[in-house]
Each structure stands twice: as structure tokens, then as C-alpha cells.
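In what comes next, chain A is part of two complexes: it sits with chain B in the first one and with chain C in the second one.
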Partner chain A sequence: MTALLDAQQISKHFGGVQALQQVSLQVPAGAIIGLIGPNGAGKTTLFNVLTGMVRQDGGSILWRGAPLPVGEPHRVAQAGLVRTFQNIRLFPQMTVLENVMVGFHVRTRAGVLGAWFQSAAVRREEQEIHDRSHEWLAWVGLEAMAHREAGTLPYGAQRRLEMARALATQPALLALDEPVAGMNTVERQSMAQLIARIRERGIALLIIEHDVRWIAQLCDRITVLDYGRCLAEGTPAEIQADARVIEAYLGHKSS
Partner chain B sequence: MVTLLQQLLNGLTLGCLYALVALGYTLVYGILELINFAHGDLVMVGALVSLSVLRWALGWGWPMWAALLLALIVAMSVCAVLGVALERLAYRPLRHAPKLAPLITAIGLSMVLEQGASLIWGRGYLTFPDVGLAHPWEWGGVVVTTMQGVIVMGSLTLLGGLLVLVQRTALGRAMRATAQNPMAAQWLGINTDRVILTAFLLGAVLAAVAGLLIGMYYQVAHYTMGFMVGLKAFTAAVLGGIGNLPGAVLGGLLLGLLEALGAGYLGDWTGGWLGSNYKDVFAFAMLILVLIFHPSGLLGRHAPEKV
Partner chain C sequence: MTLAGRWLVAVLLVSCPFVVEMWLGRGWLRILDFALLSVLLALGLNIVVGYAGLLDLGFIAFFGVGAYVYALLGSPQFGWHWPLWLVLPLGAMVAASFGVALGWPTLGLRGDYLAIVTMGFGEIIRIFLNNLNAPVNITNGPQGITLIDPLHLGHWSFSRAHTILGWQVSSLTGTYFLFLGFVLAAVLLSGRLEHSRIGRAWMAIREDELAAASMGLDTRRLKLLAFAMGACFGGVSGGLFAGFQGFVSPESFTLQESVMILCMVVLGGMGNLRGVVVGALLLALLPELLRPVGHWQVRWLGQVWLDPAALRLFLFGVALVILMRWRPEGLFPSRARAREWHRP
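So, the complex of A and B:
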């Protein structure tokens, strides 16, 4: 089976700094892949390259067998690869419901003329977007807050809203950059459950995270980066038993 | 009392015209945080283009309504093309440049449009064809012309339409999303370049309508007329809270009313010391007062300084 996202021998340097050296990573359809490593290991750089935010200097990236449109996030999203960021990026002055409705934009037709003349087809589409946005909110447990301004939600709820909005675009792969950063244990577990439910819908996930135990319970496979190189790759059990990983990354944490 | 009502009506007419132009400033500012100083000159282009079309069509013996319709369509098309061209050729290449660069560019574009217009239409004042809507309707001393009715009804319809577009449609959602967080909007599949282009297009079309109406109302057009209109409309947008669409409408109406009241009463209030020619001073003084006590404008949000 070919992978959804297939990155081979990726290299990237900024000036004289070699940020990534020949890193390979595959995300099969429906899988959860973890990306871990100490601070400065190149996780975010790899993430940006994999999602077409910046172009790699060497190596190839194929999304469903074709190159990614680099520098055009809207086309990447249209192709079914959607990402979130470490810092939450909502539309703070829109309602929670409207935030999710924007997510449907990618799968609908919204022209100036159609918007103005409000043809029957446009109105039907609007109604459907409205109803399905409510469904997504219920699915992530935010239905009660649908009409609040998004910027006023508590932190954990904002993260959930960001997920609901991304899911509305009907992605094949959802890439999450530190989705539980700044959360307490209860919130982390609840996010883990949400991620597991997303996978049950057949959506693949690529997740950057610091908390190794948290990510080990979720992932099918984990890639460990260190100094821009792939230090290890394998199942969570293999990674947690790998002597090099323990030395580079887990050593100071496991007691 | 009659004077008051009369000035309120005149002010409403003027305010509607300011609001139409102010929306163009606020639409673009809301998304790009760019003050498109060339926007006022699109009003001038709209006025001069409709003047030429009207003269041509009336010269061929077209009925007035058909000539006006043609003038409206041609002016809207020319301004739409110009507005889109400004964005594509001048502003888009500077999208990631420091904010001062597009601002200076906007001032330069304003000069280019003015000088370009002076090459086509000359440097003299041009008389706008009389479109015959001057019929006065009088109620107890208060006079309203058909023209004023057309301006107020037409503008309010357009303003309402735009607010509905932005607040209630998928396109409007995409515009608000782009304004509030462009990167997030892109990652939801929104082509933000196209949204920005649409904002320029809508602003330019409104400017064209304003140009035709202003030409009809004052019956004169000139290649520098865009400067003062632009300045007033920009003031209106700031007064209402720049970036906020209902704010631009409110600011426009308020500025029009202030100006008309200033024109009507300054002489009485100051015992003839200041005449109605100080109406602009009065209007801008009000703006300064509003900004001292509510710096983000009447409907604006207090946001951290970004420029």
C-alpha cells in the first residue's frame, strides 16, 4: 500500500545551519504517526516542509503520489492535508459556529454573484453547511457554546474548536503541532480520546509532541528526530526501548 | 426648525455619498491594514467616465434613463478593472514588505491616477450633463429634490446589500476569516489572494457609483476631485472605527450631518464671525474630539497598535 504522504531523504538548511539531514517519513492512510525529539531537533521545520509551508533543499515529498503545491496552503488544504499551529489561530470575533462554517468553504462554491443573488442552490448549500457545522460542534462537545464569540472560549475549548473547524474541511490527513501544549492531565486525556475518535473516521494524523508517554499511547509509529537527523523510527514500544532514544531524549525523563 | 430639517436632509444626502466611499477604505483596511489612498481617485475616475459616457449617449439621442444606466455600467466596469489592477500590480508584490512601502505606493498611485485623468480629461472643470432629476418637492418649507431621493435610496440599498453580503454569506465569511487570521483562513482552503481582490473589486464598484452620484449632484467634475472626497471618506471610516463596516456607514452619515449642520449654523452660533465655509473645520474638529475620547472610533475595537 502506498502512503498518503511520502517524504524521502528530506534536507533543509538555513544559511549554514543544517536543520534537516536526509529525513524520511511516511504517513499511511488512516494511521497516527508521532514526531518527537528534543527542542531544536528540527520537528517544526520538518512539519513546515511536510505541509508545503517551505520548500525542502533536497529530497522529495509526494502527497497521494504527486508533489505538494509549496507556498499555497489553500491548495494543500483543498488536496486534503490540513494542519494546526502551536499557537491557536481561531477567528476570534466570529461565533464558534461561524468558525466551523468557514471550514466548509473549501468544499463549496462561493462566488460574488451567487452570494448576492442567493439562488435556491446557494441557500440550500448554506443551510447544509449550517446544519453540518452544528453536527461537528456536537461531535467535539462544543454544541452548548455555538453562539459564543470564539475568542471568549477557555483554552481547551479553543483547541477543540480548532479541531472541529479543521475536520469540516474533510481532510485525509490532519497534522497537529503540539495539540496538548499547555494542557493539564485531564485535558490531555480528553484530547487523546478526541484524536482516537478522529482516527476511527478514517482520517490519518501526524502529531508533534513533547510528552512521550502521551503520544506513545496514541501512535502506530513514531519518528524521533535529533540534531536534524532521524534518530529512530518504529512502534511506540520499540522507541521506548531504544537505547539511543533513551540516551538522547528520554534519559533525563525516565527515573 | 425648517433650517434644521433642511440641513439634516442635505447632510443625509452628503453622508450617504461619504459612506459609499468610506466602505471602500474600510473593506481594504479590515483585511490588509492598508490605507488605500488611491481609493478617492477611483471616485474621480467614476465621475469622469460617467460624464463622458453621458455626453456621448445623450449626444446620440439616447433617452436619459438608458444613458444613465450605460454610464453606471461603464463607470463600474472601468473602476473595477482599475481597482483590481492596483491590487495585482502595485499592492500584491508588496504584501510582505514593511507597512510603509504599500502606504507610500498608495500615495504614488493616487498621483498617477490624477495625472492620468488630467491627460484624458484635461485640467479644467467639466460640467456634468443635467440629468433632469432636480425637481423639488416641498413640505412646509423643506425642499427635497428627486436627485437627493435617488442618492439616499440608492446608497442605502447598496450599503445594506454589502452588509448582508459580509455578515450572511459564505463569501462574507471568507472575507471576515481572512481579516481576522489570514494564515488560518488559508489552511481552511480559502484563497486569500482572491478574497483580497474581491475586497478591492467591491470597493471600486462602490466608488464608481459614488462618482456618478457626486457628479450628478454637484454637476461638476475635475481630475483632483478625488482628493477631498477621499479625505472626507477616510475621515468617516476612522470616525466609525476603521475596519468596521457598519462603522463606516455610521461615520459617513455622521460626517455628512456634521458638515451640513456646520454649514447651516456656524454663522448663527458665532454671530457671523465664522461662515459656512468653515464647515470642514467644524467636521474635522468633531473627528479630533471623537478620537481623543475614543481613539478606536465609534464602533471600533480597542486593538493593539499594529502599524
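So, the complex of A and C:
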């Protein structure tokens, strides 16, 4: 079985910092994979490399068996790999609805002439973008805020909006960078439910998170990074029992 | 706008040239015609700066390109006299390709850096126009091109008076309606773009380019499209300018003009069509309103104390400062700008 995403031996350094050293990661279609590790372990850097925002020094990334375009984030998104950001990046001065509508850009066609002459097809497409954006907002529970400016939303709602916008692009793999950072237990549980519902739609997820217990309840498998190296890989139960992980990660968290 | 409001605006727009010509004279109608070209120009820059958020300080170059295309193809310079309906679209296309030529090397730049490069680009175009008279004379250098064909469509010339249904319609009035048609079309096309897939994509790029790319937007293509589209409007405006004025020279296309158009867009409210139109009209008319400062001095102070030309510029500057102090977000801000400036 070929994985949806298959990253092999990814390396990346920034000056003297070796952010990633020969890290490999597979995401099968429809799976939820966790990515954990202490601060500065290289998790976000791995996301940046996978989504074409940062060029790796070495290693290959296969998407459905073919190489992913390097250094061209928009083509990665077109291929069906879409991410959210650790420090949320919305279009803050556009409305919540417009944010999601931008997500539909990649799966729609209307160009300048279409906009000018408003053919029946273009109007239909625009109507569909509009309706389906509302549907996504309802789906993540933001319908009531559709016409607010995105930047004015509370933090948790911004996270959900970022996910709704990403879902609008119809990804096959959604990569979430610390989706529950700074949230309380109730919010974490509701986010876990949302993630489970996303998976039910057949979308695979790759999730960065620090809280091992939270991620263990969701994931099929977990990869642990430490100082840019892949420290361990396995099922949540294996990872939680792994001595190296406990020492390197869980250990110094509780200390 | 309500239906009654629309009718009121329509009646105002139609009666405007007749009223102006009757009460204020031909000079003011001529000023008004030029002001409409400024509006067209500002609408073009609004696409680049207001929608896509690309700070362009050399926008007048596209106006110049459009003007020279018209001038070269419709004057004794080469003895060509191409018709308007061919020359205008051609000018727009040439200007658009210059827009792409400017956009291409600057794709990675934003904000201040982009502003500096576009400023340089504007100057390069002007200097080229100024020097393309040797070894082969194309633009006639600093003397510019004269005796440009007046605006005409078939046998209908906009440089002559016509009698329509017993009404005497002067050439300036006819030109007013021609230009008004272009402005209304530009407003309509801009508005449709603004509320389209492309317009949303431009605004997304303006807000956060990296996030836009991560949503699958081809930011390079979209930015080039914004440059080309804005330049197109500028090129059309330039062509009309050349035909209306009958004369073009490089000195009409200086950095000062670029700054002026940017002021129109900023003052009116970037990204807001109504604001851009009002801002452009205001800034195009204000210097003309201040023209009689020498006269005012004689009347109230007995003699001319200060050089009228300098004083006029000074007052214009003061007016700008007051306007921007009073409404930093522009007269009719887009939602976004209003929030930016009035954050609690």
C-alpha cells in the first residue's frame, strides 16, 4: 500500500541549527498521525518543508507516489495538502465568510472576463461558493459569526475558521500545527470531536501537539521528534511506553 | 442606492456639462473633462494598491504609454491615422504588457521596497520617452508629439460641436459624455472584479500573502494580473488624454503625477470605489479652485505678496494635510481601513 504522503530522509538546517535530520514520515489516506516533540524539535519546520514553504536540504517527498512540487506552496495546496499555522494566519480584515470563500478559489474557475460579463455559469459558481462556505461555517459552528471580520473573533473561533478555510479547498490531507495550543479542557475536547468528524469525511490529518495524552486519544500513529531527529515512531500506546520518549519529552515536561 | 437616488445621480451627471458650460464657462468644462481622465486613472491604480495591496509609485508610466501609443498611431509623426476603436484597446494592451514587465521582476517585493522599484520604473519610462529621438526618432524627444488626431468615432468627431435634436452640444460636452462613459464602465468593471473570485484572491494576498499561497492561490499570477489590469485602465486613460489634448510630451508623466494619483486613491479611501471617484475629482479640481490666489491677494491685500504658483501648491499641501488629519482612512474607507485607523 502506498501512503498518501511519504516523506523520506528530510534534512534542513538554518545556519548552524540542524532543524531536521533525516526525518521520515508516512501518512496513509484517511489516517490521523500525530507529531510530537519538545519546543524547537523541528515540527513546524517539517510542516514548512512538506507544504513547499521551505526548501529542504535533502530528502524526498512523495504525494500519491509522485514528487510534490518544491518551493511552490500553492501547488502543494492544489494537490490536496493544506495546513494551518501555529500562529493563526487568517485574512483578518475580510469577513469570516469571505475567508472561507477564498478557500474555494483553488477548486473554482471564474476569471476576469467571467467576473465582468457575469455569465450564467459564473453566477452559478459564485452562488455555490457562497452557499457551500456557509455550510462549512455551520459545520464548524461559526455560522452565527459569518459576517464579522475574521480578526475580531475570539481565539478558539479563529482556529476553527482557519480549519474551515482549509477544508474549503477540499484537501486529502489537513495538517494542523498545534490546533489546541492555549485552549482549556472543554475546548480541547470539542476540538478533538471536530477532528474526528473531519476524519469521518475521509480526510487524513497530520497534527502537531505537545499534550501527549490529548493526541494519543485521536491518533493512529505518532512520530516523536527531538532535536531534529526522529526519536520514535509507533502507536500511541507504544509511544507512551517508550523509555526514550519518556525521558526526552515526557520526562522533562513533568520536571 | 435607492432608485430615486440613482435617478438623481443620473440627472446630475447628464445636466452637469450644460450647467458648467453655461454658468462657469468653457474653461471649467475642460477642467472637468480632464478630471474624468484622472478618475479613470485612479480607478486603475485602485486595483493595484487598493485591492491587491501593491504600493505602486510609478503608475503614471502606464498613462504615458497609453498616450504615446495613441500619439504615434494617430499623428503626422509617422503619418499613421489609426481609428480610435483600434488604438485605444491597443494602448491598453501595450500598457498591460508594461504592467507585467514591471510586475515580473518585483514579485518578491512588498511595501516600501516595491514602492521604490515602481518609482524607478516610472522614471525609466519617462526618460525613455524623452530620449527616443535618436538615433532613430520615434518619440520626438522632449518636444513631444503635436497635431495628434482628435478623438473621433467614424465620422463623429469629438472636437466639433454637434446639433442633436435641436440642441447645440459643444465639443467639450461631447467629450465629457465620452469620458463619462469610460468612467462608468471602469466603475462597473472594478465593482464586479471586487466581488468576484479574483477580487477576493487579491484581497487575500493584500492581507496575508503566505496564507493566501497556502490556500492554493497562485500569488505570482494574481499579482501580475493586478498590475496588468490596473495598467490597462491607465493606458485607456492615457490614450483619451492624448486625443483630447492633441499634444503629448514626457513632462506630463513625472513622479509628481504618480504621487498625485496615489493621493487620490488614498484620500478617497483605498479599495472603495466611491471613495476613489470622489478623491480623484476632489484632487483634480482643488488646484484649479486655488488658481486665482494671485487675484485674491490683489483684491484683499492690495498687491501680490507671494508668488501665486508657489502659494497655490502650498495651499494644496495644507488642504491635503488637513484632510488626512481629519480622516486618515480616507473619505470613504473600505471596511478594512476604517478599522485599522480607529482601533480602540
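The working rule: the second predicted complex is superposed on the first by the 251 of 255 C-alpha atoms of A that agree within 3 Å, B and C clash if a C-alpha of one lies under 4 Å from a C-alpha of the other, contacts with A are read in each partner's own complex, and residues count from 1 in each chain.
Basically, a residue touches a chain if its C-beta (ideal position, glycine included) is under 8 Å from a C-beta of that chain, and two chains touch if they have at least 3 such contacts.
Predicted, not measured: the structure shown is a model, and the values here were computed from it.
Asker: Judging by the criteria at the top, classify the pair chain B and chain C on chain A as clash or fit.
Answerer: Taken together on chain A, chain C would clash with chain B, as the superposition shows.
Asker: For A:A166, is the partner it touches chain B (first), chain C (second), both, or none of the two (neither)?
Answerer: Both partners, chain B and chain C.
Asker: May I ask you to decide whether A:E149 touches chain B, chain C, both, or neither, giving the answer as first, second, both or neither?
Answerer: It touches chain C, and chain B stays clear.
Asker: When the two structures are overlaid on chain A, which partner does A:Q78 contact: first (chain B), second (chain C), both, or neither?
Answerer: In the superposition, A:Q78 touches chain B and chain C alike.
Asker: For A:D57, is the partner it touches chain B (first), chain C (second), both, or none of the two (neither)?
Answerer: Once the two structures are laid over each other on A, A:D57 reaches no partner at all.
Asker: Applying the touch criterion given at the start, work out whether A:D220 contacts chain B, chain C, both or neither, answering first, second, both or neither.
Answerer: neither
Asker: For A:E187, using the defined touch cut-off, is the partner it touches chain B, chain C, both, or neither? Pick first, second, both or neither.
Answerer: Neither partner.
Asker: Identify the residues of chain A that lie in both the chain B contact region and the chain C contact region.
Answerer: Touching chain B in the first complex and chain C in the second, residues 73-74, 77-78, 82-83, 85, 89-94, 98, 101-106, 108, 110-112, 115-116, 118, 125-126, 129, 165-166, 169 of chain A appear in both lists.
Asker: Spell out the part of chain A that touches chain B in their complex, as residue ranges.
Answerer: Against chain B, chain A makes touches at 73-74, 76-78, 82-85, 89-94, 98, 101-108, 110-112, 115-116, 118, 122, 125-126, 129, 165-166, 168-169.
Asker: Which positions of chain B touch chain A when the two form their complex?
Answerer: 161, 165, 169-174, 176-177, 180-181, 183-192, 198, 201-202, 301
Asker: So in the complex, which bits of chain A are touching chain C?
Answerer: 51, 53, 73-75, 77-78, 82-83, 85, 89-94, 98, 101-106, 108, 110-112, 114-116, 118, 125-126, 129, 149, 151, 165-166, 169
Asker: For the complex, give me every residue of chain C touching chain A.
Answerer: Listed in rising order, the residues of chain C that touch chain A are 189, 192-193, 195-201, 203-204, 207-208, 210-219, 225, 229, 335-336, 339-340.
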